[in-house]
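As written, the chains take the letters A, B, C and D, and residue 1 is the first residue of each chain.
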Amino acid sequence: MSLNRRDFLGRTAALTTTAMLPTAVFADGTIKLGSILDASGPFDAYGKPMDQAMRMAVAEINEAGGLLGRQVEVTAYDTQSDMALYSQYGQQLTRQDKVDVVHGGILSASREAIRQTMRKTKTLYFYNVLYEGGVCDRNIFINGVTPAQQVEALVPFAMKNSGKKVYILAADYNYGQITARWIQKFVADNGGEVVGTDFFPLDVSDFGSTIAKVQTAGPDLVIAPLVGGAHLSFFRQWAAAGMKDKIALASTTLGVGNEHKVLTPEEGNGIMCAYNYSQELDTPENAQFKEKWAAMFDGDQSMHEIAVSHYHGIKTWAEGVRQAGSLDRMAIIEALETGISIMGPGGKVTVDPKTHHAVLDVHLMQMQDQQMKVIETLPQRQPVDTQAVCDLSANPNDNTQYEIQI
Amino acid sequence: MTTRSTKSKSNRVFLPGGVPLAPRHPFYSFKQVSMDLSFVIAVEVLYAVASLVLISAGLAVVFGMMKVINLAHGEFMMLGGYTTITAVGLGVNVFIAMLVIAPLVVGLIGLIVERLVIRHLYGRLVDTMLATWGLSLVFIGLATMIFGNTTTGISTPIPGFAVGDYQISGYNFFIIVVAAVLVIAMLAVLRGTRAGLIARGTMQRADMAAALGYSPDRIYMATFFCGSALSGLAGAVLAPLVGLVPTSGGAYIAKAFITVIAGGPSLIAGLLSSATSFGVVNQVFTFAISPVIGEVALLVAAVVLLRLMPQGITGRFFKGKL
Amino acid sequence: MERSLGREIIATLIVSALLIWLLPMVIATYTLTVLVIYGMLGLSLGLIWGFGGILCFGQAAFFGLGAYTYAIAAINFGESTVPMLLAVLVPLIFAAVLGALMFYGRLTDVYLGVITLVVTLILFKFVNSTAGPQYVIGNARLGGYNGIPGFQTLNVPGNPDAYIWGDPYFYFCAVALVIVFLLVTWLLRSSFGRVAIGIRENETRMALMGYDVAARKTVLFATGAAIAGLAGALFANWGEIVTPGLFSLGQSAEIIIWCIVGGLGTRLGPVLGAAGLAYLKFVLGQQSLIDNTLITGLILVLFVLFLPKGLVPAVSALWKASFGRARRRPLARQRRKARHG
Amino acid sequence: MAETVLETHGLTMRFGGVTASDNVNFSLKARELRCLIGPNGAGKSTFFKCVTGLLTPTEGQVFMRGQDVTGWQPHQIASLGVGIKTQTPNVMDALNVHENIWLSARRFHDSAEAKARTDTIIDRLALGAIARTELGQLAHGERQRVELGLVAVADPWLVLLDEPAAGMSAQDVDRMTEIIHELTRSAAVVIVEHDMQFIRSIAETVTVFHQGAVLMEDHVDRVMSDPTVRAVYLGKKA
């Protein structure tokens, strides 16, 4: 037995040394892009495709000759869905690896765990995920959709297709709470009435009593900003109770992690949502993107909303570097603040100089046979929520996440 | 009590000024609401109790017979879920997959685990807990490597139906029936068969069975197989209701653990009494306030209960029952 | 027991000074900092479990409580000295109340496990569901799942603008660990510690000798919680964010695994187990060949099966067996063992 | 003349429908040595546990030196100066003999004094050779002796022993008898015992339990020759 143990210990030791290598060996003259994502653990459904998108974007940049004549080199860390590892790897990226830019973070908690480190160490940071809005910090660029961009489009669309009484079922954390308030606002703006709002921690998976409760209120439409695997059961149980044909359903999150491919057509059909990207978007950019992705990852089809956002983010950064003609952080920030635009698979993405958020296309969709059919595209929506509180051209030293008063 | 508190709550929140409920039902009277609603709530409470029984049965059998707390129990359930989904994907009828294949497969996995790990640790309660905890992590890792970490699932094979103006899930009834059949079957086996007699003997005094010429080794093997199969069954039956990920087991183990310990030494009476107490507490608070408070109420009830009855419910009441 | 306390203190100081000097040359200080903090957390459970026989499934609860107390207090006070003290006091008081509830109720082993586990779950679920704007303590929003970012980090007492961070923070944490380690050493050598070990060995006997077992277990439990709380506060300072994940069962599980792997009934074992396994986890995060959880689980199973006493006792036994012949006492003991057969 | 150190009034203990201890009135004078005998299930052990605080009696009271200690915890009773030894050897297996006895001495004295007393007791009980051996490695008789040492080192005025001679060799029993006699110089001693030979060698007054109640209480010789006692107890044994 002792032999086995020694063998085992020996192996782990070997592993330790090999794992240490890639961080120490670097070719000179490359541009270092730091990536920090949950490629394993409960959030890897989001993180893995984001990692793929990042590698694809970098590959494309390098194929086209790199940036400023230099190749881009990726230093990637898997945070294993553990918030503590964000702090740790964030420090590692900025202090030891001394990367030129960091792309990553998925949950808002993970972004907040590293944002200050990035700021303190003057490392440019891109957070490329749909989130609750309000971050105002000149060191960060964000190009996911915010509630105003998404909800403002989704609510009238969904209400038009159902009725005026709305019930909100939201995930009980920052994103869900804030999104729910935006939904309440836009429902009222569109002449509707919110008849009930319930919040669910991310680990709740039994919605039986909730479904009964919703029926007591008798709404025409349920909007569900629910997040994660456990919450997916709501859509199952809703269909199982035979509610699908009685009350219409909309969501601000379903499909972001390709959930529509997990639900059966009977469970998913008809659910309405609004995002910056759908695999079914019929544009030449998207066709090309999907083709390249499939070629690069052996026919894989896992690209989704936030993976594409991540891809947009890296392309935006690359464009900023090109325009700045330098790797200097301030030069890149100033170049980006000129309002740079790129064309991506999700449409045109423009940097909003005031907020460092993105002006982007929002596509209204409806699920149909495990696809997200695009019904209508609303071009170039402004991040009005964050614009209401954040003006980095007036207050360049701002460093707050505002909670927007609605 | 349940209905009243819910009613007043729904009244306060959803019916400001006594506005009729839904325009689609012009003759919607308040009386009807409460009757239908109380039926719906009754079903939900029964369902909560039934799912607690299902979740805990495997753990209870292993604990009751072997005094082993299997902390990989939740992962056995997770494996039951994955077995079902894989089998259905291969074209097997969903009921056969849930009720036959999943218990068998997970039972066999349990058997392997018992031979490789557990049998070296009999009589060391804390060590078995730690080893099975380690096993649970191993299973999560394996499932992640095999099935990936994306949420998977199958849809419920039974359609919902209407109760008055309410739609309720038909699958809830299926769960209740499965739990009821399970309890009756366990009773029948323990009371009516030779194996049950040996099992009861072992529960009372493990050395007695040995003295009577039954190999404890084989009894433990059989028990662990049965316990694991029950966990597999529970995981399989609950799979259509939840999105399955490799870490799904964690959601069950704490509840199962609490239910079994609070139940106390009697296998079936303990299981039923604690599942009923916790199920009712959970659902009452869920309806009256919110699902979170429901969960917290369950946990608080567990603390209070164990403080008052440190030997579990059946340590004080229903003594000597099965 | 044979060596004098003074000699042991000096040995500890020399070894730790060497380590604090040498380790930053091998591993980056910000990684070392968290290893040191986890070491302290491991020590907190190692104390109550290894020397008091109290298996707590919820040590993470006190860790999280310390971290949250620090974060909330730091936002409200705008400096770090009082929050640091509170971060030790609040878990201490919480554990004293919880411990009294359990130990005067004569709950043992499994039941103790259930209660501590359940209390951790309650805390986790509660903190996790505080995202709404109504959950505010003073100026601090509890923030639910996202946790609390942006609080005042450690500063020189009396001077809120003089932050202690980076390398100095590592030295601060390392010295804190050494001090806690020495305090634990002293505690275990005192009558209180020896009585605690007696209680671990045989509770009934100690009660029959007139010791108030429940009171002593409560005090020990609270001491462990205070150390865990301090570790939590240090962790909050290091991560600059606190999240409900600190209260999670997964975190509790890791602490237990550290103790098992390092060795129960030793002071050094849990510290080394914690630092070693946390470093392993950190290193494994940089590869994607094998699933991390799988390895952690495998380590735990293998240790329980083949090395249930943990690394430190095993290594010291090996050391004694191979180099201890010159010494008198182990030899005498071996001879006696042979006699008793 | 001598003060009453232990007294029970109508002590009754019921478990569900079973009355394990039935209205026991018992009293013991200072420095008296008393044996409790009776067949299995006669209620000796239940009585013992009620007196030592391991069980709380359903009815009745327990007095020690006139103080009502009914419902007290074992550690409170022990703190009065009562030495207790339970049926199975109850010691700290991973600690050595010296540490075991020191822990008992430390309860009533400071560390240095406890050490001195421990050394004295170890000498008196002739445990010197094994003073640094862990209890887990000792033979049964030695463990019993150490446990008596634990009791003795605290200078009790009342000692309650549950089957101290069980499973011991004749030589060990002799030594045990000696120790007990020594204890009676300063303490009253109650012994629950099965071993009749041991009882004959040590006891004067014996209390016989039967079906939870006290059957008789008299000098050991008269008890042994009593036909009722023979019928319920000795008769059964034969």
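The working rule: a contact is a pair of C-beta atoms (placed from the backbone, for glycine too) under 8 Å apart; a residue touches a chain by one contact, two chains touch by 3 or more.
Remember, it's a predicted structure, so these values are computed and weren't measured experimentally.
Novice: Taking contacts as defined above, which has more of them, C-D or A-C?
Specialist: Looking at C-D and A-C side by side, A-C shows more C-beta contacts.
Novice: Quick one: point me to the chain whose Cα centre is farthest from that of subunit D.
Specialist: Centre of mass proxy via C-alpha means gives A as farthest from subunit D.
Novice: Centre to centre, by mean C-alpha position, how many angstrom separate subunit A and subunit D?
Specialist: That pair's centroid distance is 73 Å.
Novice: Suppose each chain is reduced to the average of its Cα coordinates; what separation in Å results between subunit B and subunit D?
Specialist: 49
Novice: When the centre of a chain is set as the mean of its C-alpha atoms, what distance in Å lies between subunit C and subunit D?
Specialist: Result: the chain centres lie 42 Å from each other.
Novice: Taking the mean of the C-alpha atoms as each chain's centre, how many Å separate subunit A from subunit C?
Specialist: Computed from C-alpha means, the inter-chain centre distance equals 36 Å.
Novice: So which stretches of subunit B touch two or more other chains?
Specialist: Residues 144, 292, 295.
Novice: Subunit C: which residues touch two or more other chains?
Specialist: Within subunit C, the residues that touch at least two other chains are 125, 129, 291-292, 295, 302.
Novice: Check each residue of subunit A and list the ones that touch at least two other chains.
Specialist: 40, 172, 199, 201, 203
Novice: By the touch definition up top, name every chain pair that qualifies.
Specialist: Pairs flagged as touching, ordered by label: A-B, A-C, B-C, C-D.
Novice: Considering the complex alone, what residue numbers of subunit C touch subunit A?
Specialist: Subunit C reaches subunit A through residues 28, 30-31, 34, 125, 128-129, 131-133, 143-147, 149-150, 235, 238-241, 243, 245, 280, 282-288, 291-292, 295, 302, 306-307.
Novice: For the complex, give me every residue of subunit A touching subunit C.
Specialist: Residues 1, 5, 8, 12, 15-16, 18-20, 22-23, 39-40, 77-80, 82-85, 87-89, 91-92, 95-96, 107-109, 112-113, 115-117, 172-174, 176-177, 199, 201-203, 403.
Novice: Can you tell me which positions in subunit C touch subunit B when the two form their complex?
Specialist: My answer: residues 55, 101-102, 105-107, 109-111, 113-115, 117-119, 121-122, 125-126, 129, 249-250, 253, 256-257, 260, 290-302, 304-305, 308.
Novice: Enumerate the contact residues on subunit B facing subunit C in the complex.
Specialist: On the subunit B side, the touching residues are 69, 117, 120-121, 125-127, 129-131, 133-142, 144-145, 250, 254, 257-258, 261-262, 292, 295-296, 299-300, 302-303, 306-307, 310.
Novice: Per the contact definition, I'd like the list of subunit D residues that touch subunit C in the complex.
Specialist: Touching subunit C: residues 52, 73-76, 78-79, 84-86, 90-95, 99-100, 102-104, 106-108, 111, 130, 132-133, 137-139, 150, 154 of subunit D.
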